[in-house]
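Provided herewith is a single structure, encoded as C-alpha cells, for subsequent inquiry.
Per-chain residue numbering starts at 1, and chain names A, B, C and D are given in the order in which the chains are listed.
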Amino acid sequence: MNNKTTITIAFLAIMAFLPLLADSAWLSIGITFLVFAVVAFSQDIILGRAGVFNMGHAIFFGIGAYTTAILNVHFGLEIIYTIPFAIIFSAIIAVLLAGPIIHLKGDYFLVATIGFNIIFEQVLSNDIFGLTGGPNGIFGIDVIRIFGYELFSDTAIYYIAFGLLIITLFIIRNLDNSKYGRALYYINKDEIAAKSMGINVPYYKLFAFALGASIAGVAGSVFAIQYSAVSPESFNFMQSVMFFAIVLVGGSASLPGVIIGTFVMFVLPELFTEFKESRYLIFGAAMVLTMILRPNGVWPVTFGNIPKFLRPKKGAK
Amino acid sequence: MEYVLEIKNVSKFFSGLVAIDDLTINVKPGQIYGIIGPNGAGKTTLFNCVTGIYAPEKGSIKYKGKDITGMPPHKIAQMGVLRTFQNIRLFKEMSVAENIMAGYHTKSKQKWYHSIIHNSFYKKDELESWKKVEELMNFFDLSDLATTPTGDLSYGKQRKVEMARALAASPELLILDEPAAGLNENETIELTKIIKSISEMNIGIMMIEHDMDMVMNLTDYITVINFGKEISQGVPSFVQDDPRVIEAYIGSDDENDKEDANGK
Amino acid sequence: MKIKNIASALALSSVMLSSVAVADTVKIGVQAPITGKYANEGQSIDNFVRLIVDEKNAQGGLLGKQIEVVTCDDEAKAQKAAVCAKKLVNAGVFAVIGSYTSGATEAAQSTYFRNKVLQTSDGTSDSLIKRKYWTFFRNSFPNAAQSDFTAEYMVNVKKYKKIVVLSDYSSYSAGLGDATEASVKAINGNILFRGKIKSGVQNFTSTLTKIKAMKPDVIYYSGYYTDGGLLRAQQIQLQIDADFVGGDSNDNPDFYKLAGKSAAGTVLINFPTPEILPYPEAKKYLSAYKKRFNMSPPSIWPVTNADGLRAIIEGVEKTKSFDTKKIASYIRTMKDFPGITGPFNVREDGERVGAKFVVYKMKNDGTKEVVK
Amino acid sequence: METFIQQLINGLTVGSLYALVALGYTMVYGVMKLINFAHGDLVAFSAYVGLTIFTQFYGSNALTLVNIVIVFSLTSIVVAFMGVLLERLAYRPLRTAPRLSAVVSALGASLVIQNGIMLIWGPNMEIFPSDIFPSTTWNFGGVLISYTQFVILALSAFLMVSLYLFINKTKIGTAIRATAIDQDAAKLMGINVNRIVMIIFIVGSMLGAIGGLFIGVYYRGLTFDMGWMYGLNAFIAAIIGGIGSIPGAMLGGLLLGLFNAMISGYISTEWAETFTFILLIIILIVRPAGLLGHNVAEKV
C-alpha cells in the first residue's frame, strides 16, 4: 500500500464517521466541505491536470445547482431525476463556452473565463426566461427521494455528499491511469511536445472541461439539495477565485493538496469566527506566502505512477 | 512508393523575411537523411514545417504520397511522423516510463469512457501499452531508470528518452533535431549505433546535426542549406568536398552553437 | 487539524446538550448580520433584543423562567443563514428574531418551520409570506404597502404624468421597484421607463442621459442611499429637470453627503424613523436604548424586530405556555397590541398590517422636513 | 444628437479613468508578463489615502489649487511606495516560479490590500467632500461638461501624453521597452531589470493613484471593494488595446468607456456588463493581441 492510498483511506475513514460525532450545525459544515472538495477536485481536473487556466469554475457548479432547482421547482421533476440533466447540461455548457476559446494561451484564457463568469452572474440576476428567479434565486427545492424514501436529514445529505466524493476520487484515480488522463498531464507539462506525439490538444482540453464540469454539476445539485435554495452569489466570480486558489495553494493534481486547500478556504473560517473581520486579509497573506515558500503548492503531486513490473528492482542501481 | 517524404519547393516567411526558400527534399524509407548548414540557416524551421508546427507559405509536403501541408501537428504525428527537439522537450517532472508512454498515445485504443470505468478491454490495452514501453526501455537500456523523473537525467539519457518516446508511436519517418548535441564521445558512438539500427527497421530518418564526423559516418544523403536556400545536395563524400559548402561554413560560428532562429 | 475539528465539534455538541438540560431557562435566538455590510443593523437588532430580554428577566422572567439569548451571525448571506437556522434549532430556541435581510430570512424559514420554531423578521420582501408558514410573522411592512403608498403619492398627490422607476438588482430593491411599477399602473399612472442600475458602479450618467431625453416629471429610485445619493448628484449635474423620490433605503445621512448640495428638494418615502415615533412605548424603549448603548438605533428595523419579540413575549404570557403553535395563533388574533412602532396587528398569513409612512423633503441645509 | 454627444462625453470621462488605471496593468504585464490583480485595489487605496489627507489637513473648507496639487502629489508618493512594496514582497520572490504561482500571489495581494482598507477605514462607505472642485457646469448647446469632468479629461490627456513621451523619448523609456521585449537580452545590455521593474511600479501606481483620486473627487463614495470593479474594467481596457502596449491601454480605456456609455445609453443597462465581456471575448478570439498589440510567433 503506497503513501497516497494510505492518506486517501485514512481521510475517507475520518469523513465516514464524522456524522456520529458532530451535531447538525457541524454536519452542515461537513456537507459544505464535502461538496466544495468535490468541486475543487473537478477544478483540479481542468486546472491541475490539463493545466487550463480556468477561472470560471463556479459557472459549472452553478449550472448544476440551477438545473436541479429549475427542473424541480418549475417543472416538478423529482430531485433524483434532475441529476443526470445537471451532469449533461454542465458538460454541454462547458464545451460550448470553452470551445471557441480553447486555443487561447494562459492569461488570455483566464481573462475570457472571468468574462464568462460575470456574464453568468448577470444572466442569473436578470431572471432569464423567468427561470432563474433573479437576484433572489430559487427557493423551496424539494427533498430528495430515493426508492420512495425521503432523505431530508442532514446525516442523509452528508452521506450523499460523501458518496459523491468517493465517486469523484474513484473517477480521478481511473482517469490518472488512463490514456486520456495521461494526455492531460502531457499537455500541461509541454503542449508542443504533446502535439508532436499526436495528442489532439484542444480535444483533450475540452474533454477535461466536460468531465470537470459534469462533476461540478452534480456537486451543484447536492448543494441545491442541502440548502433547498440557490442564489447567484453562491456562483459568483469570487467563488471561482476560491476554487482556483484552492487547487494551486494545495498543490495541482494532488489529493491531499486539494483537501488541505478546501479545508483552509472553507472550513477554517467556520472554526475561527473570532477572526471573521480579518480572515480574508489572513487568507490573502497566506496565499502570497505559500506561493513564495512553496510555488508548487503545500503538497505538490509526485509522478512515477507506473505498473509494478516496470519498476526497477531494489538495489538495481 | 518510392519516397516516405517529399518536400517540394517549400518556402516559409516570418514577417516578410525568408526563413526557408524553395527547398526540395525527398527521403526514402530506411534512409538516413542529413540536413546541415550554418546557424540560422532555417534547418529547424524546415522540420517545424514538416511536423506541422508551422504552415509553409509556398510548396507542398507529402508523406507517403499524401499531402500533409499545413495539417495540424497531432494529425501529422498520428500518421507516423515523429520528432525529437533540439532543446529537449521532455515532461520533466514525469518518469522515464511515463514519458515514453506519451509516444504510445496514438497507438492506444482507449476511448474517453475508459478514463472513468476500467473494463477488461481497458486492462488489455493498458498492459499492451506498458509492454511496449518496457520493450523500448530495454532497447534503449533505460529500464533501471523507469521511475526516475526525466528532469534528473543526464543530457545523453534525456536524448535517448526522447527518441524512445518518438519510437513508441511506431513512426515511419523519424525527425531528429541535433540528437548528438551535448553528448560526450561515448554517448555519441552509442547514439550512432542506435540510429543505425532504427533505420534498419525501414524507418526513414531525417536529422539535423552539427557533429560532422557523425553526419559523414551515418547519413546516406545530405542537403546543405544556408539562408534558407539549398546550396548543395548529394552523398556525404560529395557534399564534403563541395566548394560551396566549404565557403558557407567559413567564418561561421563554432559548430556547437545554438541556432538562434530556433529560439527556446 | 482534523482531530482538532472533531474535538471542537464534540466539545460544542456536549455544551449544547448540557445547556438544553437546564430547565429553568428558555432560549430565544437572534439571527442577524453581526458582521459584514449590514453589521450596524444586525448589532442593533441584537442589542434591542437583549435590552427587552434583560428587562423581562429583571421582572422575574417569562412564566418564571429566565430568558437566554443565543445569537448567530448570518452575514446577510443565504448560505450562512441556513447554517444559522440549524445552529439555533440545535441550541433549543423556541423563537428566533431575524434576520435583517429578506434573503437570509427566507433561506432559514423552512428550517424553523420544520422544527416548529417561531420566527419574526423585518424583511420586506413580499415573498416572505408566500408559503404561509405558521411559524413566521413579519414585524415590518411589506414592499407592497410601501409601493401602494408611493404610487398614491406620485400619481394622485403630486400628479406626475411621466414617471421613471429605477432600482438596482438586489432582491429588495428590484422587488420594491417592480411593486411600485405595478402599483402606479394599477391606479392608471404612466410609467415612462423602468430601469435597473448596478449597485456600486458609481457612474450612472449614461442611464440618466437616456432618461433626460424622455423628459420625465419624476425619477423614483427604490435602491440604497449609496447609489441614490450619486444618482441624485448626477441628475443635477446633467440638469435633468425632474423631481427625485427615493424609497426607504435612501433615508440615510450619507445620502446628503453623497449628493451634496444637489440633495435639496429630494423627497424620501420611509417608515417613521425611530425619533419621530409618537407612541408612548417608543419614548420609553428608545430612551432606554440610548441610555444603555449610548446611541440610537440606525434605522427603524431593529425597532420593528423589538416589537416582534414583544409580541412573542405577549403571546407566551397570554397563552401561559411555550407551545409555539398556540403562541403563533394568539399573535394572529391580537388586536392593536401597543407596539413601539405603532399598533401591532398580524394577519392570518403572518403579514403585519396597518402600515404607516412618512414623506420627507430635503432642505438646502441638509435637514429634512416632514411633508406628510 | 445632443444626447449622443452627451453620451460621448460621459463615456470619455469614465474612459479616461479606465485608461489611467489600465496603464498600470499594461506596463506591468509588458515587462513581467504578470496580471497584477492587486492594481485595482491600489487604486482604491489611493482614493482612501487622498480622502484622509484632504480631511486631515484641510478640513472641509474649499481648497486652493496649491492644496489640491499637494494632496495629489502626497497621495501619489504614498501609493507609489505601496506599489514598490507590493512588488518586493509579493512578486519579486516569484519571478522565476511557475506562472500560476504569481497569479495566485497577485490574487492574494489583492485580498490583503482590499481587506487592509476595510480594517483601516471600516466597511462602511467613506465620502469625499463635494466641493473640491467648483460645481460649475458649462453648457454647449445642450451638451454639459462639469468642471470636474473637464479637469479629469484635461489632466488625463496631459498625463498620457507625458507618459508616451517618457517611454518613447527618454533613455529610461527605451530601457523599459527593451526589457519588455526581451528581459535576458536587456540584462546582457547592462540594463538593471530590478530597477526597471521598480520604475514600472512607481509610474503605474502613480497613474493609478491619480485615477483613484479622480474617482474619489468625481463619484465621492468610496467602498473598500471598489478597486476590484475599476481594476477589472481597466484590465479589460488594457486587453482591448493590446496588453503590453501603452498607447493600446489609452485607446482601450477610452473605447471601453465609450462602449459602456453607448450600451447603457442605447441598448440596455440590464445587460451592459454582458455586452462588455462579449466584446472582450470576441476580441480575444479574433485578435488576441488586441487592437494595437502584435502577435508573437510561438517559438519551438
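Quick note on the criterion: a contact is a pair of C-beta atoms (placed from the backbone, for glycine too) under 8 Å apart; a residue touches a chain by one contact, two chains touch by 3 or more.
Not measured: the values here are computed from a predicted model.
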item	value
Interface with more contacting C-beta pairs, comparing A-D to C-D	A-D
Chain separated most widely from chain B, comparing mean CA positions	C
Geometric centre: closest chain by C-alpha means	A
Between chain B and chain D, centroid-to-centroid distance (C-alpha), Å	48
Gap in Å, rounded to a whole number, between the CA centres of chain D and chain A	33
Centre-to-centre distance between chain D and chain C (centres being mean Cα positions), rounded to whole Å	38
Centroid distance [mean C-alpha coordinates] between chain C and chain A, Å	36
Residues within chain A bordering two or more other chains	126, 192, 277
Contacts with two or more other chains, residues of chain B listed in rising order	53, 85
For chain C, residues that touch 2 or more chains besides their own	none
Complex contact set, residues of chain D against chain A	29, 33, 35, 89-90, 93-94, 97-105, 107-116, 118-119, 232, 235-236, 239, 270-271, 273-274, 277-278, 280-281, 284-285, 288, 298, 300
Chain C-facing residues of chain D, complex	3, 6-7, 10-11, 13-14, 123-125, 127, 130-131, 135, 137, 139, 144, 146, 215, 219-221, 223, 226, 229, 260-266, 269-270, 272-273
Chain C residues within the chain D interface of the complex	36-37, 39-40, 195-198, 200-203, 205-207, 209-210, 212-213, 226, 229-230, 233, 237-239, 254, 257-261
For the chain A and chain B complex, residues of the former touching the latter	171, 174-175, 177-183, 185-186, 189-190, 192-201, 207, 211, 303-307, 309-312, 316-317
Chain A - residues contacting chain C, complex	14, 18, 21-26, 28-29, 32, 125-126, 134-137, 139-140, 154, 226-229, 231, 233-234, 263, 267, 271, 273, 276-277
